[in-house]
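After this come two complexes, each holding chain A, first together with chain B and then together with chain C.
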Partner chain A sequence: MVYDCVIIGGGLAGLTCGIKCAEEGLRTVVISGGMNSLHFSSGSIDLAGFTDNGSIIKKPFDYLKKTASGKKGHPYAKAGLPAIKKSLDFFISRLSEEGITLNNNGDYNHFHVTAPGAVKPTYLSQESVYSPAGKDIIKSGGKIAVLNFKGFRDYYPEQTAANLKKHPLFKNTEFIMGDISLPYYLHTEKNLHEFRSTDIARIFETERYLPRIADEIAKAAGDAGAVSLPAFIGISNYREIRRKLESMTGKFIYEIPTLPPSILGLRIDSALKNCFFSKGGEYIAGEKIVSASTNKGTVESIMTGNRSTSSEIKSRYFVLASGSFFSGGLQAGVSEIKEPIFNLKVQGDKKRSKWYSHDFFDRKSHPFLSFGVETDRNFNPCSEEGKTIKNLFCAGSVLSGYDPVKEGSGGGVAISTGYKCAERIIRELEK
Partner chain B sequence: MIKLENISFDHCIKCTVCTIYCPVAQATHLFPGPKQSGPDAERLRIKNPELVDASLKYCTNCKRCEIACPSDVKIAEIIQNAKWNYVKVHWFRPRDFFMSRTDLVGLLATTFSGLTNFIINLKIVKVLMHLFLGIPYRMSFPSYQKGTFTKLYKKKFRKSQKAFEKKAVYFHGCYVNYNNHSLGSDLIKVMNALGYGVELAKEKCCGVPLIANGYIEKAKKNASYNIDSLGKTGESIIVSTSSSCSYALTHEYPSFLEMDNSSYIDRFDYITKFIYDEFTAGNIPPMGSVGIRAAYHSPCHLERMGGVIHTLGVLKMIPGLELVVLNSECCGIAGTYGFKNENYEISQGVGQNLFRIIEKAEPEFVITDCETCTMQIEMNTRYRVLHPVTLIAMALDKKG
Partner chain C sequence: MGRIETDVIIIGGGATGAGIARDLSMRGVKCVLVEKNDIASGATGRNHGLLHSGARYAVKDHESAQECISENRILRKIAWHCIEDTGGLFVTLPEDDPSYHSQLLEGCKYAGIPAKEISIRKALQLEPNLNPGILSAMTVPDGTIDPFRLTASNMLDAKERGVVILTHTRVTSILKSNGRITGAICTSKDGGETEIHARMIVNAAGVWGQEVCSLAEIKLPMFPSKGSMLIIDYRVNGVVINRCRPPADGDIIVPGDTVSLIGTTSREIPYDKIDDYTIDDDEIDVLLSDGEKLIPNVKNTRALRAYCGVRPLVAVSGEMDGRNISRGIVLIDHKERDGLEGLVTISGGKLMTYRLMAEKTSDLVCRKLGVKKKCSTHKVPLPGSESRFSSGRTVKKFSGIPDSVVGSTFYRHGQRLRNIMTGEKKNYRLICECEMVTEGEIEYAIKKLEVKDLVDLRRRTRIGMGPCQGELCAYRGAGLFHEYGGTTPEGSVDLLYDFLEERWKGIRPVLWGDGLRESEFTYWIYQGLFGLSHINDNKKKKG
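Let's turn to the complex of A and B:
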């Protein structure tokens, strides 16, 4: 009993790859050690946001066409433009099967607003972040209400408004500040300040509170046509809740991603997992992979490290989508960068002082952000001895050759490389 | 004061992901969630044990927080520790005392099984238990069987097991010993089909209910008894059909109770892991088609052990089993937790999601590895619940 495909890492790259594999009838398992970083993300998918010198990219595909031929080591160059496009279409359609609409602005990037009030380019967003209706409202220059849930400490609307005011798009916009609260909800021992985004999301998901919430929103927002709230208007059925709130208040409702746990990211995470399950995929949570056994350039099995119950998992193909430093896919020692499971060849400077820039917010970014596993054009990595491993593919932020923060490309790389790896495995199995 | 090996709370990056996945925090706002009750409050408690917070009691120890944690913090363990180690309870709590002594109560109940089953199902007894012991009226206790599994084994199986060259020791646990002999018999049938003779070692309750009710010293005594007894079983492998017993024997003994279980740990497997390994190695006995549509529910503690993959692997090898894998949800009972008045509503609230998805799946049976999940599901849905081993035994019966 052997798997066709074992995917190490249950994040954006791993799950995209898993869905594609499972859909093609491969016996697929995703092994995830702790929840993925979608829980810390904005929930928007960046494709390519900034050029090398930091200016904003308007049409990401046009830009990619140029880079794809220019930068050989870049994951986008290896995936190729047609696969990138195909993977995004695949991603959008699978999420919509699970009830999440992802909007884009045709071939153009659109903007989304962060909690501190920065305006950032991105490619795909949920409808509460980007939709043609919202675009019209901003263009018309009407009043915008920036609201918060009273006592919620993970978000400060004054900061959002103050920074937005500095942006040319909102130069002439009038901002209304305000709080919403639910007095009768608070007959609980819980301190108001202890509410996190998920707690509030559950309040919004409680049907009987909605009219009262809508009342509060209408009162606080005055005559503003659009209302922004920290993203917590429900997790599973947020579309329905948002639609109801919009019709009750008569206002457009916008969501701003908060500090973790990010509800916008959480929605994508649960949609991806549900999709993966519905295609028959297996998912193991909270399991660490500690080692692998390779023989003559092929991986034979990997070992799980759940203390005394560790076990061996065999498969024909493996995908490493274990993420970057934060997720443990890469490890930094005193003077080396390591990939801990397969001990793959890693691209990254040996000298620690060259890993980072002195300035935290350096426009040139930090070199360590583009460190990662070195692969060939097929996303096959090399062992430490320099031998290509044929049945192992790498996807997502464990890869080297790109800087997700500086380029604004993390989401796009994860989805396209995850998809591409699945395609390669499917093709090889057909042979 | 701080043990150096016990500072996993310091790895917490305050991402709050655990709280999203906490079934109790989802069901009630009275519980501030694992992050706050665990690593956050631990810093305060180390400074001043008086800062132990009453809301700790809501934690069911399902360990879903530990599964979700990206930073490998032993959240549930921190909470369990805080619950009992900072505050020592000295007074006698009749309900918790008897509820956690599963082997004592089991032994008494099986001796007078007919009478016990009659009495505990009387409405008037249920009302009295509700009023005086704080056991919810609507909960029904599992029925007790006549005599113990150990006795049954001696009478019916011991002789035949000697014929097998390969031996396995079976840690049956209290549930099989007092409430479900047929699961034990199924286990023997399956092990025999795989070519293993089954032996029993002396055992006491693994300690899970004792830990949950704060009888830590008693749990340690039981653990040391079991470690001693299992350690003496030589080279033979040890299996268990209970996911929670397995979790205690492999994980909670060394970490939470700080007992050395190295004498048997390498030989111990939860049953589906053992069968999975045998099946994968090609040792597959002939099985017939069971012709059943069933929904599989993965118990929290099995997930924490990383054992779901093996159960699923084994189930997928059973001919004629149409399997619906349910989304991972906690059933809410958490051992003895759901059998207490003060927890009843939360316990039911937690389970609602699972009951709903079971109904939606429209199976003929539900499959799960855990005995208390079985009780909770049978109480709250219209389905009978089977253990994976029972299904294999059914398939073995159907051959040729």
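Let's turn to the complex of A and C:
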């Protein structure tokens, strides 16, 4: 059996690519090595948040229009502005089919609040993070109750409030802090104090606990019109839970992403997977790709290996969306950077002392964050000998030429390059 | 300006300074200890944590060898909770001079160190990861000692006996009158000044002792010698492995807690570089390749961190060549050397002999102050080592709490475990999962162990010292730091920022493989997800 398209990597780039391919009727499989980076993301999609010198970008598309031509190796320059826009519309609509609404602020970036109280620009957020109603509350300078679950060790509301207070956006806001406790009738073997966000999300997902939780929220929030909680108010049916809590408490409910696992990211992850399945895509989880066989500049098949079993997967086209170092898409030896599956040509300094900056929080970030596979403008990579591989495309953070953290561009690059690779493959197959 | 009246000011909060504070307070002498950073933040906490048998010095330096074995026996009694009795091996590699083995056996015999030749088969049974190609092996009574625990325990005892401990406080001037010391002025991190009146000053500032002396207008040139070490993220050996050859770079692998440590290089550095702590790439290469020769598995492990310390070698006469300077104990009475009464400098030596150094110094101080009471630090156990309970029995007392949690706390705090594992369930929740640090332990450290920031907290509890280097627990630790009254909420975010910067210094030199993966993840969390530097930038703009 031969697939039309094999996608290596089940993250934001790989799944976006997979959904597009599958809905065009391609026989598509996504092979995933494990959990993707959505599990520790903010759950918002950053498009372009910061300029090179670190100032905040207000209108990301305007910024990209101006700079896309200037930054030659940048994935955005290769994807092109129309495709970036199209890919984001596509992404929004497919997630909404799965019940996740992503809001934006028109052509402008909006802000989301981080756990220690930073305010970061982003482009798309779930409605518990950005909505016109929430925007009005901040503007009007009302009272916000910053709450936590009593004993939850992965969030500290005092930090959020203390640092937000200093931010111009919140200069008229009054913050109060408080705790909500678990329903007294919840019995658990585990030490409640060691609960992670997913454990608490499960409590919120238990319908009969909601009235009690709503009481707790109302009590702790007092006369505040808005309540912020660390993001844990349910994974699968969070919109419904949030709606119920808002009507029971009469308060606006806001979510702040905190330490992994990221509930906001998990929602997007499961929506993307469900969407992919609904379009007929196949998904192989927990597989490692150990090698690939190429012939005359064309990839013919890849070998999966998971301890005892190994199998060959053949396809007409391949997409490498295997992520950067953390996910294993790139490997750093003592003195070299490698792409381990196809041994592709990689951009990355030979000297280890050039991989990092002296300070961890250096304004210039770290060079290693922009290392990755070199591709032409069609996202086709080269073999180490410098030969272009025509039926292999690369997407997401395995690509070189951009720094997702410094630019605040990780989500946008993943979605647009994943989408663009799918478009290329579809066009090639049409020929 | 605050004012304190005391007998003795001790400058330097390393093992020696803390040891002197303990020794003097046991003899009824009032002291104030002033440390510019944190306790054990200099050379004390920057070595390989070896409980020397003395064998390393047995061929060339009998005096040091004898001091080591004698202190080794004492520390096993008074500080058992800081020690792991791993045992040690000296092994000869094919490329080494085989005659050194018999010289070493001879030297050990002379110094009274029980060294015993064993068969290669036996050595491999003891240490299965050892290079099977070794030519000979002998056992020695080496062990490991945790310098942070040891220093904290000395300081805690001194504090309980009334010593005032001022960490993150720098001595800015030394007061003299008619050729006598009368006190010192010191400034804390937040700028507060204190005038301390005292009859004597003990300079136990290690390599920074040169600066202390210059405050008293005395020249005491130091010859700083840097030693770098590499930590690998697995405990590849259970026994200390020494290479049986004359002392050289990369000749020892010490197991410690959950990791192993390859030591040590030795390089002279200029005095103005003593606070740099830069590790060169070629030092890493030497340590890795020599480490592999002893334990081949080293190459399959992940390098976790590299760090270095600066040995405080002192030139007494002021003009000796750096190479010939003794690494032995140097105790200077500046009355005799420079005509200044009331100033004493203690330097040289090693972590292993800190107690002996403290004893010698305290003897001199007491003689000058007319105090008759004799030293008893070799007999009285340190806090935590009060009575010898087996960890098994202790673990059983805390039923319902995972053994691993109780065991780790016991391992770090000995009998003081009772002050930590109390009260409600939240005290038992894990904050640092790598090193099994509970909220109760963090509360205890913040309230009792002179902890001023997250880096100090790490030295007392091992929070953030495991494989992930503080990925999740750094944030939790910062949050709790505020909750337990250590700082303001904004202050706790600043501490988090500083802590991650400090961790980075040790990760940076070994940034490849899984270490780089982990760092990428940490960067995503703290910069990508939390935007920590944006908070800091915002502040800087305002400030």
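Everything that follows uses one rule, which is that the second predicted complex is superposed on the first by the 428 of 431 C-alpha atoms of A that agree within 3 Å, B and C clash if a C-alpha of one lies under 4 Å from a C-alpha of the other, contacts with A are read in each partner's own complex, and residues count from 1 in each chain.
Assume a residue touches a chain if its C-beta (ideal position, glycine included) is under 8 Å from a C-beta of that chain, and two chains touch if they have at least 3 such contacts.
Keep in mind the model is a prediction, meaning the values are calculated, not measured.
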Touching partner for A:T198 - first (chain B), second (chain C), both, neither: first
Contacts of A:P260 with chain B and chain C, given as first, second, both or neither: both
Touched partner set for A:I313, first chain B, second chain C, both or neither: first
Partner chain in contact with A:A332 - chain B first, chain C second, else both or neither: second
First, second, both or neither for A:S353, with chain B first and chain C second: second
Chain B versus chain C as contact partner of A:H366, first or second or both or neither: second
First (chain B), second (chain C), both or neither touched by A:I284: first
Which superposed partner A:F40 touches (first chain B, second chain C, both, neither): both
Set of chain A residues, in rising order, touched by both chain B and chain C: 37, 40, 194, 260, 326
In the complex, chain A residues that touch chain C: 37, 40-42, 54, 114-120, 151, 153-156, 158-159, 161-163, 166-167, 191-194, 257, 259-260, 262, 324-326, 328, 331-335, 352-353, 355-356, 358-361, 363, 365-366, 368-369, 404-405, 410
Complex contact set, residues of chain A against chain B: 1-2, 29, 33-37, 39-40, 188-190, 194, 196, 198-199, 202, 260-261, 266, 274, 277, 282, 284-288, 304, 306-309, 311, 313-314, 326-327
Chain B residues within the chain A interface of the complex: 15-17, 19-21, 25-26, 29-30, 32-33, 36, 55, 66-72, 250-251, 254, 265-266, 268-270, 273, 276-277, 279-280, 303-310, 312-313, 316-317, 325, 327-328
Complex contacts: residues of chain C adjacent to chain A: 281, 425-426, 428-431, 439, 472, 475-476, 478-479, 482-483, 488-490, 492-493, 496-497, 500-501, 503-504, 508, 511-513, 516-521, 523-539, 542
